Structures are given as C-alpha cells and as structure tokens.
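Common to both upcoming complexes is chain A, partnered first by chain B, then by chain C.
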Partner chain A sequence: MALDQTAPPTAVTPRLLRRSAAARRARHSTIKIWLGAICASIIIIPVALARVLPLPDPVRGVLRDSSLPPLSDGHLLGTDPNGRDLLSRILFGGQTSLVIGLLAIVISGLVGIVLGAVAGYYGGWVDTLVSRALEAQMSLPLLLMLLLVVALFGPSIAVITLVIAVAQWPEPARLTRALVLVEREKPYVAAAQVLGLRRPTVIGRHIIPNILPQVLVVVFLLLAQAVLLESALSFLGAGVQRPYPTWGGIISDGRELFVTGKWWLVTIPGIAIALLVIGVNLLGDGLRDRTRRAKAGDS
Partner chain B sequence: MTHNIPMGGTSGAEVVAEGGVSRRSILQLAAFLGAGTLLGPTLVACAGPQSTSGGSASGGTGGKLSITLNRNLVSLDNKLNQYDAAVTVQRAVRQALTRIGLDLKPELVLAKSFKQTSPTVWTVALRDDIHYSDKSPVTVADVETAIKLYFQVKAGYVASQFPEQPTFTKVDDKSFTLTTTKPVVTLNSLMSNILITPAAANKAEELRDGLGSGPFTVAAADSGTGTYRLVRNENYWGEKALLDEVNVSYQEEEGARVIALTSGQTDVIDTITPESAASLKSNKDIEVLQTKGTRLIHLFYNFRKPAGHPLSKATVREALSHAIDHDALIKSLMAGQVTSAEGVVPSTLEGFAQTGTYTFDVAKAKSMLAAEGVSGLKLRAIWEDSEFAGAARVMEAIVGMLADVGVALELKQIPKGGDINAWRRGEAGDWDILANGYGNQTGLAITNLQGQYGGTAAKEKTRDTYHGFVHPEVTSLLDAASQNPDVAARNAQLKDAQEKIWALWPAMWAWTPNNLLARRKRVTTLDLSPGNFYDLSTVKVSG
Partner chain C sequence: MRRYVLKRVVQTILTAWFTVTVVFVLLRLAPGDPAVSYAPPNPSSEQLEAIRREFGLDQPLLSQYWTFLTHLLHGDVGQSFQFRQSALTVVLERLPYTITLAVAAIVITAVLAIPLGVWMARRANTAGELGANIATIAGQSMPDFWIGFVLLIVFAVNLQWFPSSGFTSISSLVLPTLTIVVLQVALISRLVRREMSVNLNASYVTIARSRGVSERRLTWRYAFSNSAIPVVTALGTRFAAMLNGVVIVEVVFRWPGVGQLVVDALERRDLPVIQATVLVTVLLALFVQLAVDLIYPLLDPRVRLGEGAR
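Up next is the complex of A and B:
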C-alpha cells in the first residue's frame, strides 16, 4: 500500500494547536508577565534611581512655587502647597514604601517558608502548633492589628516593616506546608532518608529547593499587599513621621485640597500606587501560571 | 372538555396578545413600575444638587437651616469643652446672665443688671420676664446651682478661666450677689460662659439635652453622632427666632463639608480653611464671610527646659523666631487669611498692647545663635492633628526654615483623640515647641494673659501652668490688673505685663487667623462674631 505523501500526518493543524486552551493559557501568561513587568517597571525603575536623578529636594520646598499644576516649568507633575516637587516626593516616597514592602516580604517569606516546611514535614504537635498560630493570625483584622501595634511602639520604618511581615507570614507558610506534605511522600525524600540524611538537611537541601519557585511567586505577590498596607498606614497617619514623604501620606495631605481644584495631589500618587500594584499582581499571576505549567509538564 | 388550540401559522403568543394584555406585558409593566419606585428618587437626586432644607422656607421668616460643624458637638452644655462654633448651638438652647456681643463687649441676657457694687462684690438682678421653654421661671437658685456645678466638674474648661470661684449670696427672689476674695473686674464677661439650667435638671457633667431658656428647644439629639434637631421655642420670653428648625450635624473632613455645602446638603459650614474659602468664593451660590478672629495660634516654647538648655535663654528663642519667613507662610499656605501677631494676645481683644513684630532675618538668626555658642541644635515640635488650618503644611515648612539656620527640627504629630494633654504636661515625652491654638470667648486680653502667663510655682507643681511659663513679676502684674477697676490704669498694667512677656520671647511665631464661614445665599442674614460664633435666633433664610 502506497502512502499519500501530500496528506498531513495528523488532523491537528498548527492553527488548531495555536487555538488550543493550553496555548491560549500560555499566551495569556506571557502577556500578563510582559504587561506586569512594564507597569511595575514604570514605577520601580524611577523609584530605584530617585537618588541619582536630578530631582529637587522632596522635603524642602520653595513656598513661592506653591501648588503649581502638572507640566509647570521645572515641575513635570506639579508641586504641593509647600512648593515641593510632586515627582520628587512620589519617587522618594516610593522608596520608603518599596523598602518597607521588600523587607517585609523577605522577613515574612523566610518565616513562612521555614515554619510551613517544618509543620508539613514533621507533622504531629509541630504541625498543630504552627497551624493554630497561623489560623489565629489570619482571624485577626489586619489593619486594626497594624494600627494597634504602631500606636503601641510608635511609627518607624523598623516597626512598620516588622508589623507587615508578621501580618503576612501565614500566606507563604500555608502554601509551603501544603507543598511539603506532597513532596515528603516522594521517592527522592525516602532515598535521602535511607542515605542517612538528618531531617533538617532533607528539608533544607532537597524539599525546599523543589517547592521554592511556587512559594516565591506567592511571596512576590505579597509585595503589592505590603505596599498597599504601608500606604494605608501612612494615609491614616500611622506611617513614617513627617516631613518624609510616603505615598499614603501624600494622598492624605492632598485629600482636603482635592475639592479646591488641586486634583494632581491625590490623582497622580494614586495612579503610581495603582500601576505598581497592578504590575506586581499581573507579573506574579503570569509567573504562577508558568510555574504551574512547568510543574505539570515535569510530572 | 375541549380546548381551542390555534392551528396553522399563528403562534400561541400571538393568540394571547390578540385576546388582550399578556401576562408577560403585565409582568414587564410591574417590573418597570417597581424599578421606577425604587430608583426614581435616586435618579432625581443624581440629576442635580438639591437642598434638603430649602422646601419649607417662606419669605424671610420660618424655614429650616442645616449647619455642618467640623467638630463633634458632644453636648449642649459647655462645662468641659467649648470650641468656637459650639457656642452658636449651645446658646441657642441655653443662655447665660450675659453674653459677648459682636463688638466683644458684655451684654445683658438673663440679667437685668450686673453691677460691681464694691471692689469684690457684684450685684445681679434677674429679668422679670424670663422663663424656660416649659414656662417655668428662671430662679436665683438655678444660677447658684449652675455656678456650683461648673466648679465641681473635674478638668472644667470654663471654671479654669475664673481666678477664683465667686461666693453666691441670695438677696431676694430676683437678685443675688457674687463675692470674691480679690476683685475680679471682668466677672460680667466671665459669667457669659455659665449657662443656666433648672437646678433640678443640672448635673456636674455635660448636659446632652434638657430644658433651656433660649430661643430654640431640642427636638432630637444624638451626641454620639453629633446630630441635633432644634425647633423654635414658641414660649420664648424674648423676640422669637426667625427659623422654624435648625439641623446640626458634624463632618470632620473639610472636603466633605465643602461638597455638602456646594451640593445644597447643608446651608452653613464654619471654620473653613483659607484654601476652601478661596475655592468657594468663585461659587455663585455661596458667600464666604470673614471676620478678624480672637484665636491666637502660636509656636510656643517649652518653658520646662533645664537651665543649661539653649531654649532656656531668651536670646536663643528670639534668634529662632528670626528664622521664620512668616510672610511667605501667610501668602503661600494661609492664603493671606491670617495676621502675624504684634503682641502676645490677638489685637482684637480689649486690653491688647502692641509690643513688637516678628521679623524674618536669617543672618541675624545665625549670628545670634553663634553668639550664644549654639550649633547643631536639635529640637522636637509637637501639635495635635488639625489644631489649626493646614497645621502639618506649616510645620513642614518650618522644618526647612530652621534648617537654614542650622537647627534640625523633628516633627511629632499627635493624632486627634490622642494624648496631647499628656504631651503638653510633659508626661508622654519631651518636646521643645508646641503648635497650639488658644481661643477666647470673653473678648478680654486678660483672659488669655492669665490663662497663659499667670502661672505660679504652686501651679507648676501640678503642671497646671501654660507649659511651664512661671515668671512671678508677670503674674503679680496680671493679678494687680485683674483687680483694678479703673480701665485706663488696668490697661496700663496689662501693657506693662505684655511688654515683659514679649521680652521673654515665649513663642517662635504667633498669628491670628480670620474667622471664615461659608453659607449658601439662601441664608440671607447671619452676623459672624469675632469670637467665631453667631446668634441663631437672628438667622434668616429665603426660599
């Protein structure tokens, strides 16, 4: 029997493959990653470079330049009533918010991964202890707890960072525990135990490296939440003390002037926060989708 | 039983329609009407601003007025707290023997006469026609109880303005005497703050409702939310109020109050910021009233500093005041709505003496600090959130001004409801400069002077002086002035005292803001006093 060389080997054409759900999801995650990276970069790169950019002092203004609208001479985003450049204040304020956010997620990530891994691997009373602590923490109203702690210990970068970190550790801890519960049953873990490795070594050297990509994506997503929490605290007057700018503080100060026509004092920092939060969330979502697909492909 | 089933090309629905109104159309109509009933008022409200109080007004008298305060009016009494705008509402319900008029002079209200019959004795006669809203008479016993209770209440605001508690002695059913151990020549002004309530209903605490002799009665009160509904007292002993009803509410957010006014939800907002005033002036439906105020706002030094501290030297305090560019602050942050102080009390007060002016001179500030060997000075300023309009902006600007003369200023904003009193007393932490407002409801300079600068060593033991200001030579001058019945001689003593105080440089800078009130133009008559209050009974609205 002769084969027809011109007929395609399969009915699944490249066009159909491109339209498949898996390919669509892959495309979506790529779009999310790019869009998220662009949105976040628009904010993060200038904020990171604030000290090297030729910007006016964000704390000391020139009173004769009070409340200039955007696109005024020498002030791209305008000035506040104290004559301080709004772009400078947003970028330097962003440094405060981002430093607090990054430090908070590093601490909460470390605590969450260690406690979650220990709870998942050891089980028993260790698991009970960590899980109950985690549930207790999650049952507390977050913002109220933050305000209470800041009221007790005073507002400073260290206190606010620690408070946000403590508030966020349950998220990575819960995920890590769930992933470790799955991983500990796999043959490579049994092999490591047979080889005589001690349990902390098994967790640290074998299990955590396997679950880290998925957990890191969740920790990264917490950055947006941490920045929002810091802004909320500053907005409510429990943030870093004046005159140092913070995003929440700039919005809070501009709020009462909004009705008098000075819209830029609220709108522009609001857009900056929204761009960063949307960017980080899209990027995190895209990375999570990609990690899931990679994991599914491996298995 | 048979049914007529339509045949051929005619559908069932068409047949039903041919027979009359279908069930579907009835349901659609019902749904439409229901949606209209539910959403109609909302859509109408969204169509444009509507006044909630405009409907019942008629030709000059009658009508409703809605006012929105910026602070919660927790009571219709003033034993513990009395801020400017509260006076407007409190005195619409309760009255005192006297009141402070638009010219800041005492006027008789419940008293027919209020005379100093000897240096330490004032004789008072009540009017014959006065009575409460239930027509029960105002008696001398009510006055006696009121005075006693104002002094019984702990941490009372009003009682602290009296040099001593006057002793009450009944003469007859309509007259009595008030006796003090030392002459108190301003007792008629001070008594304007003692509101009279029936003795049986009065308590040593703030009263949230109850009877009064004023032109309005309380129809509904909720001190928690700060909302009150006052209605005209039809039994009022004097000239009846022009308004039928006054609705009082509270909104802390300046922006929300401005929107409430421009949208017609409220008719009057008081104590507005210069920025809001400038913005509202361009609104054709709104009128902004302004009067020179009696409230002094100052950046007061902490006089509890140890002897070795730079701030314990008057020359250092003066040097710091030269670093403040007050003209730039007034122009840029206060919209020109304040007056830089030219003395230690507002110039609107009786007994004010001009003692000097604040000058901006950075070079002088630097040289004076250098002459005193002060370098690398670090100070901390505190203030309560919203203590005065744009407080945070002013304080942040001052950080830069002091930095220009080499002084680092740390800012500490105490939240509203936080423990500012503990800070002021030095119990919550150390500080160097306090940004604070000092109100005046008597129209007299001596009230401010005694409250701020009349401190004694005994009072300082309990931290009851004004931030540690204890200078016996000033205190004795003020005591002498307060006992001097001769106005010219008293004012001369007060001038001497004010010059001595100025020479001590108690404040880095001080200013008096204008009183700013915005009203919708339907409010045709409203006389704003320099004390930042107005008489509700004379307020008139048009349709």
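Up next is the complex of A and C:
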C-alpha cells in the first residue's frame, strides 16, 4: 500500500489513489472495525468487571430506593420497583448473556468446523450425512424448537447454551465445507498427500490453518445472534430464571411499568443489547471485508 | 418437471414427518406431567390417572406414537387439552392472522429493501453507502421485542395513533408489521447490495456500458435480472420462516396468531395443539419454499428444474 516516493512522474497522484475505490473500501472497513470495537467495549468491559466494580447487589434490593429514575444518588441508571440497582442488574445480566453467547459459539464453531471440514474433504457418505443433517435443520422452525426444548428441559445455563449452539452450527459448517472443497484441489494439499501425511493431519495442519481466518470471522459474528437469541428467550420467560437478572428478563419485567412513566427499565437494557450486538456485527463485518480482500490479494 | 415436483412433494412430506416426530419425542421425553396442568388443585392420584387416561398419556410411548400416526393419516391430530376441540381447528382459526401479518411484512420488505439495496450497490464506496451500511447493521442488531415495545409505547400508548394490541381493524397491522420490517429490510437490502455489486462489476455489464446502454437499463434490465433469483429465494425463505409464527412480535402485540398460540400451549402443556401447530406451519413453510423454486424458470430461462445437477 505504501507509495514509493522515488517513482517516476505519473498522472496517478497520491490524491487520486486515496480516492480510488480500493482505498475507500479499506477506509470504510477500518471505520467499521473501530466503530464496532468501541460500541462493543462500552458494554463488554464494564460487564467483565462487574464483580470488581463497587455495585449494589443485583438480586436483593433496598425497598426504600424503589423505582428511582436514572442519575439518582448512588444509582447511576436508577432502580426497579424492588429497589434493585439497574446498572448492577444490567452488568450481571450481561455476564450471563456473554457467558452463554461465548460458550455457544465455541461449541458451534468447533462442531461446525470439524464436521464441515470432514464433509468437504472426505466427501462420499460422510458428506451426504452432514449435508442432510444441515438441510433437515434448516427446515425446522428455529425459535419454536428453542422454546420447546427450553420450556421442557428447564432453563439452566447449560440447556440454553447447548440449544443456541445446536441452532448455530450450520453456518460455520456450511462455510467450512465450501472452503475446504476449494482448498482440497490446491497443489499444497496434493503435496502433503504425496508426502504420505494421514488425512486428519492434512485437514488439521494444512487445510484448516488456511481457511481459519474466514471461518473465525463468521463464528465471531454468531456471537451477535447468540446474544439476541438469549435475550429473546429470556424475554419469553425461557431464560435464566428470576431473581437472577437477564437482559430479556429485565425488559419483560419493565413492560407494565413503562406505561406508568418508568421508561428506563425498558429503554436502557435495550440500548445495552443493541450497542453490544451492533458492535459485534460492525466489527465482524469490517473484519470480513478485510479477510476477503487479503484472500483476493494473494491468489 | 412433473417428476421434479413429485420428488419435492415427497421430500416435503418426509421433512414434515421428521419434524413432527422430533417434536413428538421431545414432548414425551420432557420431565413434568401435562396432566397436572389440567387437574384441580391438589389432585389425588386417581384424578391424575383419569386425566392421563383421557388424554391417552397412560399408553407406552411407541403405542402413543402409533396412534398419533394412524390418526394423522386420517387428518386427525387429536383433541386440544385446553379447548376440548380438534387441535387442527384451533390452529386453523389462528392461522389467517399469522398469514396476514407475514404477507404484509414481506410485501413492505420487498418494496423497501430492493431499492435500498440497489442504491447501495450503485453508490458502493461512498460516504452515503457507508452510512446506509451502518444503518442496516444497526437494523439487524436491535432485539425485535425491544423495537416492538418502543413502537408500542410511542405510537400506541403516548400518541394513540394505532391500537396497542390484538386485532381490531386494519390499523392494528401497522405496528407489528413495522417491527418485523425493520429487521427484514436490513437483512434483505444487504443481500441485494451484495448480489448487485457482483453483477454490476461483471464483464457483461462493462461491455454493455461500452456499447452505450443507459445506466438505468444496466442496473435494472442487466444486473437486477441476474440478481433476482437469490433475492427471491431470500424473500421466500424469510416469508416461510414468518409462517412458522412470528413468535416474539405476536407476543409483544398480543396478536392472535399461531406464534402466540404455541407459546400459550407450551405453558399449558397442550401437546396436541403444539403438534398441530408445528405440523401445519412446517407444511405451509415447505410448500412456500417449493413454490419459490418453481418460480425460478420464469425469472431465468436458463434454469431447468429437475435436470442436471439437481
């Protein structure tokens, strides 16, 4: 990208280069990455530090401080009718959301990459099996099935995490499979095979490292979906149960109170979810532009 | 062509059977006793036993499944535990509401998202496009229950422009539709943009431009025609997904559709209604998908169904 200062005179000025489509695209992805990182860290950093920060108890409130508006003394974001501090509830609720979201994408990412790579590389009946499973799942009504499983098997963190992971594995699996199909035909794979490497080694040590950046961006983007799904489930009452705070649960509880003018109990948690998810989406989108460009550049 | 349709119909029925079986097994495996929901408070074990016998829950799992399947072949999905009438009737009564909402949402989505996506593709790499890009990311990042709720408060409670819940008149449709449209427009317009920018940068467009074809014609007649299939597929998939119940939006606006029905049925463990809802909505969604696939040859004469790779 750096311009050679000693280059011979040319009609293409640095100014023109800066205005070229490629340069604009690079700038736009940088803007998205930074904007995304800022939005996400506004939420993630305080949530991660929730146990260290001097916050009131998120579960037990002080009834004397019931329904205080934001910016009250000692309660930055106000309190709910039980006198529980909203900031504390949002931060601790965020921990649940993030833990579930991160665990879910780790599981779905691992399962998706392994199954997708195996299906793409081995082909044959393995591929048929994985592809059919993907299709079968596509035809299931997603939220309905999630609700069903959680409603029936109890809303523990483990169940919710697994359910979200199961819902999400098709996306990394399909992408990995498609990428492996392309990668399989490249000379370095043939070279590895000629050297006598076993097939799992070829996949694990040679193919996967080459496709990992693209797949990881997609897995990262799943975090946004996972957080939204978790909040939707807890909104419908199929999340981690009261009195433990969840983002969806706080909003659901605040519904009736909103009408009586207590706007903060719905608005602020909603903004928290939106900021985190927008941040993750922007960051992932910007990174995806980057990895695509890097890929196009070296081929 | 006819063989293709036949094959797809068989596949559809198999998929529906698979889904219903999964739901059936999950419902029976789950801990907890549905009979408790329908017994008087502090029921005796005889009372519970009688209720179980009435609902057929005292039979072994396999024979329950057998009864379910044989009745299904006669078009009977069982009696609703709570409404004491055919579960199918209960579901079919609610279905028009969900269909109305889904049709309204998908039409408005198409009308808004296609021009927006085309505009973004035409203005690729400009500040305006970056703004629209970030706006669409924001649109797909906000939780739909929250959007719905904020709309409800602002337009139904404070301004009182629209009714807040249920279905009373055509204006009841506005807020639920708007809630769905925010997310769908964001998703579809990004897809349109992606497809359009691939086609606008293709060599056939460059050649046509050098021949002096107008930009308008290049955009719509050339690039858009070639983007139509993925866009129609996505719209079809989204529409099919909505028929499975726009659960969240229906709950927020107390919309009397199947999404609301299934949430209530889950709470009350009304197993036949849950099964009937899943069966009806999955079948409907699958047939919508099939219909979309049958449109392909009309959009692109190169597509021949049931031959070659498919």
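Convention: the second predicted complex is superposed on the first by the 291 of 299 C-alpha atoms of A that agree within 3 Å, B and C clash if a C-alpha of one lies under 4 Å from a C-alpha of the other, contacts with A are read in each partner's own complex, and residues count from 1 in each chain.
Criterion: a contact is a pair of C-beta atoms (placed from the backbone, for glycine too) under 8 Å apart; a residue touches a chain by one contact, two chains touch by 3 or more.
All values derive from a computational prediction rather than experimental measurement.
> Contacts for A:Arg24 in the overlay, against chain B (first) and chain C (second): which applies, first, second, both or neither?
Only chain C is touched by A:Arg24; chain B is not.
> On the superposed three-chain arrangement, identify whether chain B or chain C touches more chain A residues.
C
> Could you tell me if A:Ser66 is touching chain B, chain C, both of them or neither one (first, second, both, neither)?
So A:Ser66 only meets chain B here.
> Have a look at where A:Thr201 lands relative to chain B and chain C in the superposition and call it first, second, both or neither.
Neither partner.
> For A:Thr13 in the superposed arrangement: first (chain B), second (chain C), both or neither?
So A:Thr13 meets neither chain B nor chain C here.
> Between chain B (first) and chain C (second), which does A:Thr260 come into contact with in this model arrangement: first, second, both, or neither?
first
> Name the contact category of A:Gln241: first (chain B only), second (chain C only), both, or neither.
Once the two structures are laid over each other on A, A:Gln241 reaches chain B alone.
> Using the superposition on chain A described above, determine whether A:Thr128 touches chain B (first), chain C (second), both, or neither.
The answer is neither, since A:Thr128 touches no partner chain.
> Quick check for you: in the superposed arrangement, does A:Gly270 touch first (chain B), second (chain C), both or neither?
After superposition on chain A, A:Gly270 lies in contact with chain C alone.
> After the superposition on A, what does A:Ile278 contact: first (chain B), second (chain C), both or neither?
Second partner only, chain C.
> Which residues form the common part of the chain A surface touched by chain B and by chain C?
Comparing the two interfaces on chain A, one with chain B and one with chain C, the shared residues are 255, 258-259.
> Can you tell me which positions in chain B touch chain A when the two form their complex?
Touching chain A from chain B are residues 253-255, 258-259, 273, 275-276, 278-279, 325, 328-329, 331-333, 385, 390, 392-393, 395-397, 399-400, 403, 410-413, 415.
> For chain C, which residues are in contact with chain A within the complex?
The contact residues of chain C facing chain A are 15, 18-19, 22-23, 26-27, 29-32, 124-126, 130, 133-134, 137-138, 140-146, 149-150, 153, 157, 241, 244-245, 247-248, 251, 262-263, 266-267, 274, 278, 281-282, 285-286.
> Where on chain A is chain B touching in the complex?
Touch residues, chain A against chain B: 59-61, 63-64, 66, 81-83, 237, 241-243, 253, 255-262.
> Which positions of chain A touch chain C when the two form their complex?
21, 24-25, 28, 31-32, 35, 136, 139-145, 147-149, 151-154, 224, 228, 231-232, 235-236, 248, 251, 255, 258-259, 263, 266-267, 270, 273-274, 277-278, 281-282, 285
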